[in-house]
Structure formats: C-alpha cells, structure tokens
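Multiple structures follow.
Presented sequentially are two complexes of subunit A, the first with subunit B as partner and the second with subunit C.
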Partner chain A sequence: MVDSETEREALLAAISNVADRLTEEREYLTDLDSAIGDADHGANMDRGFEAALDRAESTDGDAAEMIKTVGTALVSAVGGASGPLYGGSIMSASAELEEGITPETTVAFAEAYLEKVRDRGDAPVGAKTMVDALVPAVHTYKKSIEADDLPPLEALRKAVDAAERGVEFTVPLRAKKGRASYLGWRSVGHQDPGATSTLLILEELLQTTEQYVDSEADGDSDARDATAPAEPAIDPDDAETENGDAVDGEGE
Partner chain B sequence: MVGVVVVSHSERAAEGIVEVAAEMGGDARIEAVGGDRDGGIGTSMDAIRAGIEAAADDGGGVVVLVDLGSAVMNAEIAIEKASIEGDVEIADAPVLEGALNAAVEATNPNATVESVLEAATDAREYRKL
Partner chain C sequence: MRKLINDPDEYVDEMLQGMVAAYPERTRRLEDTEILVRADAPIEGKVGVVSGGGSGHEPTHAGYLGPGMLDGAAAGEVFTSPTADQLSELLTACEGGAGVLAVVKNYEGDVMNFETAAEMAGMEREDLEVAQVVVDDDVAVEDSLYTSGRRGVCGTVFVHKVAGAAARRGDDLEEVQRVAQNVVENVGTMGMALTSCVTPAKGEPTFDLDEDEIELGIGIHGEPGTERIEAMSADRVAEHLTEAVLEDVDPAEGAEVATIVNGMGGTPLSELFMVNRRVQELLADRGFDTWNGRVGEYMTSLDMRGCSVTVLELDEETKELLAAPAETPALTVTD
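For the complex of A and B:
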C-alpha cells in the first residue's frame, strides 16, 4: 500500500501517459475507424484524454474522485458512443477505488467497468467491439490476482496480453454492434478501433505501473516528476506494428 | 406537466420532430436536443442534460425520445447526472411517432410519466403498410 501522495502522482502519470499515447496513435485509430466507422475515433480519444488530464490535474480529491473526473471529462469531450462507454463506465466504476488502489480494489474496478460497458453497450463477446479486448483482459486480471495469487504487475502484464489477443480476434469478425454493423460482411478483415484504443490504454497503465513498482523497489519514488512528459511507450510487440505503417507518431 | 425531450444525432432533425409533435400536442413542454458539442452529427451528454433540466422545470417528470446508438447511452448518463425533481424515463419507441404520442398525452391534465411513456411506447406497434 502506498501513501496517498504517491498514489496521486502515479495516477496522474498514468493519465498523462495514456493522453500522450492517444496523441501519438491518433492517426492510426482514425485509419482503423475510417475503414468501418466514421473516422473520428482518433481525434475523439485524443481530445478526450487531453480534457481528462486537465481535469484530473486540477482535482484535489482521492483516487476515486480523480478517476471519476476522468470519466466525466470523457463523457463531455469524446463524441460518438465512445464517450458514454468509456466515460460513463469509468464514472460508475470509480466508486470501487474509494479505499485506494490495491489489488482487490483494482479487480473490483475492472469488473465494475466491464459490467457497465456491457450493460450500456449491450454487446456480447464476438460482436467486434471494445468488449472483445475488455472481457479477456478483465477475466485474466481477476484470475491472476484471485486464483493464481500473482503480483499485480504480473497480473496486469497477463491482462494486456489477453487484450492484445482480443484485439486480433476482432479482425475476422463481422460487426454486430455500433456503426460498423451497418456494413455487415464488409466489416470483416478490419481491426476494431474501440478494442484497439482499449488495448492502448491498458498498455499505458502497465507501462506506468512498471515505472512505479520499480521505483518503489529502488526506494526513489519521490524523485519522479509526474508532470514531466512521458517517454513514448511503443513496445515492438504491440499489435499495431502488424499493420504496416500504422505507427507514425504524428499527433495531427 | 410531464416534459418531453427529443434527442437526435441532428439538431435540425430534433427540431423538425418537435415541430411535427407540437402540431398535435402544442401545449406540451417539448425540448429539442441534437448534434454533438461542435454542432456536427452526434449527441452530447451535456446538451441532453440541459434539455432534461429545462423540460423538468415544473417537477412533473420527463420522458425522453431518442434516435440511435450514442443518443441512448448519452441520455442514460444525462439522466444519472441531471438534478431535477420527478422521474425521467427513456421511451423504447420510434423517435418521431413516439414524440408525437408523448406530446399528445402530456397535454392530458391527468398525465403522468408512466402514461406518457406508455403512449410513446405504443408507437412501436404502428405499421406503415
């Protein structure tokens, strides 16, 4: 268990890393969305997390309060169905973090988030949506913590791997929900943008957790500046590198 | 009086639907909400919330009619966040026919959120041919 100041710093670093990553991947998400949607997912997620970082930085509250403001900002700033799906679900699930960030509360948060996304989006697994990345990630995380008794960092690594497989699984599927479903069979062969942005966010949460768990172990957590620009966190094993020139790192 | 809110991805569509509904239920309190926050095609939770709060100003409750996808989800969150007196319900109904039925029922002096919701939902059964 960490003190509340470190917790706040780590959360802000995580939000900042996600915001930076979504700026980097803006065109990539837009390309994915232009194939089967309305080509706005990259810009929407980028704008959303920029607003979320702004709001989180100006909040004095605890972890639950901070994450709730992230959700509120996403609902307002992200357009389309992603705003209510990401933002509304984060808002609801944030209540699970009232006791702070622990293995148990993060499992509860992940489960509450998944439940809200499924409830609101009404999408089963296999409908070519963010649910296809989210379900394996949340189930793997919960199992790793509760059944296999793994350390949280290891559990999160396994969850990210599971999400990555889920994203790949969306490629051959025919969309059954959302705007892509209007395309019917023509949606087959394209990777789902919402599942992809879910994976990008999880990768940054893992990246940030690695930084903080390592620095805790080294005993120099105070040396870290949460407001410093994050390192670009592109792992060579990321799913998007399989899509040729998709990663170009440009924000506009 | 029970208020009615019409939510569409297009501001002009929402206004047009309200125009049709007001033809039959002219005295009803109907709010049109449409478009995303930049005025493009989409929906905005904050705008829907403002529409619900405006339609609810006399405390009689509100029935919300929606078109597609994000309109439903944003309306759900707007209801969670709106600070109003009285119930708010989303009608599982076609947006134009439902809005017209709801507006007519809302002008009934004995109307309740339940009766307006039921009137809107009845529009699901309408066949064109």
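For the complex of A and C:
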C-alpha cells in the first residue's frame, strides 16, 4: 500500500487535472450542449470541479472521505440533472473505497458508480447519454483487472479507449433520455455532451496515473526494470496500482 | 426586451427577499438557502409537505406555503432544478416527526435532485422518512418508457392542495402519498402560447412566433410546443385544449371535475375568463359537472402570453380535500 500522504497527493492531482481540463474544454462542451440541450454543460461541469477541488483540498479524511467530498461538492455546484448523476453517484460509490485504494476497491467503486448512474438516470446503453461512455469503460476496466490480470495502468488505458469509442457511438443515435430526448430525431448527428465530459474526466485520470507511475519509476528505476514481477516489484507496482486506481475510481 | 429586474444573477435571491417581505408573518427563509418555509415549520406530529423546482413559475411553489398546503418550497435558478443539498435541507426543515412528502414535477433534474436529497437527508438522519409523488399531467408530451415522459405542469397545484389538506387533518405519510398519487392519476393539462417567454439570463424570446401563429402543447420553460398552428379565437383555443385533456383524463360519464384555466404570466385575466367561458360550456355539453373552476395565474412561465387548461376528475375524497380550508398567499379556501 502506498502511504496515505502519497495517496492524497495523487488524488488531489487528479481532481486538479480534471478541473483544469474542464476549464479548457468549457466552450467545447457548451457547444455540444447547445446543439441538443440547454447550453450549460460546460459551465456547470467547470464550476462543479472548481468547487470539488476547493473542498477536497480542505479535507483531512482518507480516500473515501475525499471522494465523498468531491461528490457532495458536485451535487451542490453542478446543478440540473448532472449534479445528482455525477455528484450523487460519486458520493454513494465512495463507500467502496473505505478499505483504501486497491485494484479490487476501484473496480467495486467503478461498478457502484455505474450502477447508481443507471439507476438514477434510468438510461439504457444507446439512449445517447453518459452511460454510453461509462458502460464500456467500466466493463473494460473490470475485465482487464479481474479476467485479464492486467496492471491497473494498462486497464485504465483500455477503459479510456473504450469510453472514446462509446462517445463516437453517440453521434448517430437518437436521444431517448435527457433533455435531448425532447428533440427526437433532430438529436441525430450530434455527439452527446455527457458522454464527452465522462471521457474527458477519464482521460485526465489516466494522465495523472501515468505521471505518478513515471515519477515512481524514475525514483526507483532499478527496482522496476530489473526485477521479476514477483517480489521486489511490489513497491513501485503497488504504487502505480494505488494511484491509478484511486484516480480511476474517483473520477468516474 | 426590457425587464423589470436589477441583475439577472440576483433574480431569484431578490425575488425571495421580496416574497418574505410581503408575507413576513407567514413565511421565513432558511439562512443561506433559496428555501422558504412556513413561519411555524416544522409542525410537530404532522406530515411535512414540500415541493420545489426552478423559478419563473410564480406563485409556484412558495406562493402555496401555509396551513393546508405546503410546509416548505425550494426555488432553483430560473427554469433550473434546485440542487440536492438544498432540497435535503428542505426535507429536514419540514420534518415534524411524521415524515415528509415531496411533490415533484416530472423533469429529470427535479426528480434526480429530490432522490439524491432524500439519500443525503437519510445519511444525516436515519429516522427521516421521505415519500414522493411525481406529477406528470402535461398531456401534450408523448408518454413512453423510452423517453423522459410527460412534464409536470399546472395540475401540480391540485396535488399540493390535496396532500396539504390530508396532512393537516392528520393522515400518516403513506395516506398523504396515496391521496396525492390519486390526483396525479386523474389530472391532465394542456397549454398554448401566443408568445415565448424571455428568461432574465438570455434577454430574448426562446422561440419566435409570427403574428398569425400560436404554439400548442407548450411546457412551462419556454420550450417549443408540439404543434404550431394558425392563430385562432379564444373559443377555438379553449376547445382544442379541453378536448385534448378530456381525451387523456377520460372522466367517467357525468363525472364531477375541478378545473383551472391558468395564465402563463403575460395574459390578461379578461382573456382567461373568456377561455373559461368556453371551457365550462364544453364540459357541460359533455355532461360533466364542474364542482370548482378556478381562473388565474397558478403556474406561470415568466412573461409568456398564453394559457393552460387543467381538468381533474373528482371522487368524494379528493373533493373533500380540495374543499378543506387552506390559507396561503396564492390560494385561500375557507369553510
């Protein structure tokens, strides 16, 4: 296990990277939402993660506590349906991280998050919503960890790829849930803003994970390169695992 | 388009300040929130009845605060759901030991924020019992498992009245929810617009209508309707709306009904009365008996010109609850 200070630093870096990215992409998300919604997704997500970063920085708790804080901040700052969908789901899934951040708990977190989003939004795959990016991402992550026994960083890479395909898949769909559904066929041909913001968040989690894994590797390259996967690798590998998963879990 | 406002960003806050100033004995504002509650909330031993939603529909919801109707109301930004943390405070503030019924209009944001709010309130207070009814009376929107479903509009006022009366007479939470749900299942509304509304943030109409056009099947957020047709007389509009609602509600032969001819915010009362004239003629022709027909502004859409017609099929119990006394700024019923 990584010590809690490193865990905290990695989590804050991830939240901060997500916040920065959503600020950068604010106009992009707004444009997507203007086409089929009410043109506020960019501003709402940007404001939400600013608030999340702010509150997470002033929290002393463990990973579960920090992630819960992120959820609560999103609930109060994002508004509309996205507040409960992103924030409420993070809030309730955060309980899965009480045992710390491990491959198992992050898979559990991702699944709990997905279940809550689906439960709350009642959207099947193919309804042109965030679920279209989330389902492939979570399933790919779980399969990569549990069935394929991949390192968490690799699993996260595959999850991001899956989410990206999911986002592309929303373009030709007719919206059946969310505000875009009122447009019926006129929603066809537009990329879903919620699926897109989900992908942006996942991309930043991956980015953060890579940074942390690299820095671990730099600091301890011998251990990484020279050892067999079994024993000496535990330190750096675990570190990756922790950071990668923490990040993955939290952002989704 | 000119508006009588100071700063669009302060729209809701300043409106709420003004509402409390208008009814200082009856309402109070929870500190640092956009929530108004009855001055004497929570009422010990009574089921709390609360509602909330975006602003711009005044007197909905805070106008219905008072004995016999709502205990608390949360105001979101204009046409935007209140956030779940605020709704959670609303639930807690109106809990008097007998649980709280949330009356929610069927919009995804409202529904999800109320659900999340119930969870948040439950984390703080495990003994807090929350039930909800979701009002979806707008007959213009296609109702399907695969869409977001029908919208909640003016029929919500009947739900507030009936739930509030049941809570006041001492019914338990389950019972209050049952009578409210019974209204939801027997009420229908259809609206039309002569003009779009203008939101304070945007400052221009959300849709454009030519002089000779009207929009049928509008919602209460300036969203376009289901059909755009050539302008017609008050009588033809009344017929259009009433027929559509009756087809959906489908009251039993000779049924008693309660009706609301509701102004959307920018319609003269004289015109609403004119519409009501034809609505009541039509109902009588069909053999329905209007027990109570209200005319006025109950669920508005900012400054939109237009109206909606709501019909509720009555049973004895619902009638009794509608007739029970209520003392609120926007609706008063006396013995």
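FYI, the second predicted complex is superposed on the first by the 219 of 252 C-alpha atoms of A that agree within 3 Å, B and C clash if a C-alpha of one lies under 4 Å from a C-alpha of the other, contacts with A are read in each partner's own complex, and residues count from 1 in each chain.
Following the convention adopted for this analysis, a residue touches a chain if its C-beta (ideal position, glycine included) is under 8 Å from a C-beta of that chain, and two chains touch if they have at least 3 such contacts.
The structure displayed is predicted, hence computed values, not measured ones.
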Between subunit B and subunit C, positioned on subunit A by superposition, is the outcome a clash or a fit?
-> clash
Looking at the overlay, does A:P84 come into contact with subunit B only (first), subunit C only (second), both, or neither?
-> both
Is A:R179 touching the first partner subunit B, the second partner subunit C, both, or neither of them?
-> both
Subunit A contact check, subunit B vs subunit C, more residues touched by chain C
Which partner does A:S76 reach: the first (subunit B), the second (subunit C), both, or neither?
-> both
Could you look at A:G37 and tell me whether it touches subunit B, subunit C, both or neither (first, second, both, neither)?
-> neither
Does subunit B (first) or subunit C (second) touch A:P152, or do both, or does neither?
-> neither
Looking at the overlay, does A:P136 come into contact with subunit B only (first), subunit C only (second), both, or neither?
-> neither
Clashing segment of subunit C (vs subunit B; choices 127-135, 199-207, 217-225 or 253-261) is 127-135
Residue overlap on subunit A between the subunit B interface and the subunit C interface 75-77, 79-81, 83-85, 87-88, 91, 120-121, 178-179
Name, in rising order, each residue of subunit B that touches subunit A in their complex.
-> 36-37, 40, 42, 44-46, 69-70, 73-74, 76-77, 80
Subunit C - residues contacting subunit A, complex | 76-77, 80-81, 83-86, 108-109, 112-113, 115-116, 119-120, 141, 146-148, 223
The subunit A residues in contact with subunit B across the complex are 75-77, 79-81, 83-85, 87-88, 91, 120-121, 178-179
Inside the complex, what are the residues of subunit A that reach subunit C?
-> 72, 75-81, 83-85, 87-88, 91-92, 120-121, 127, 176-179, 181-182
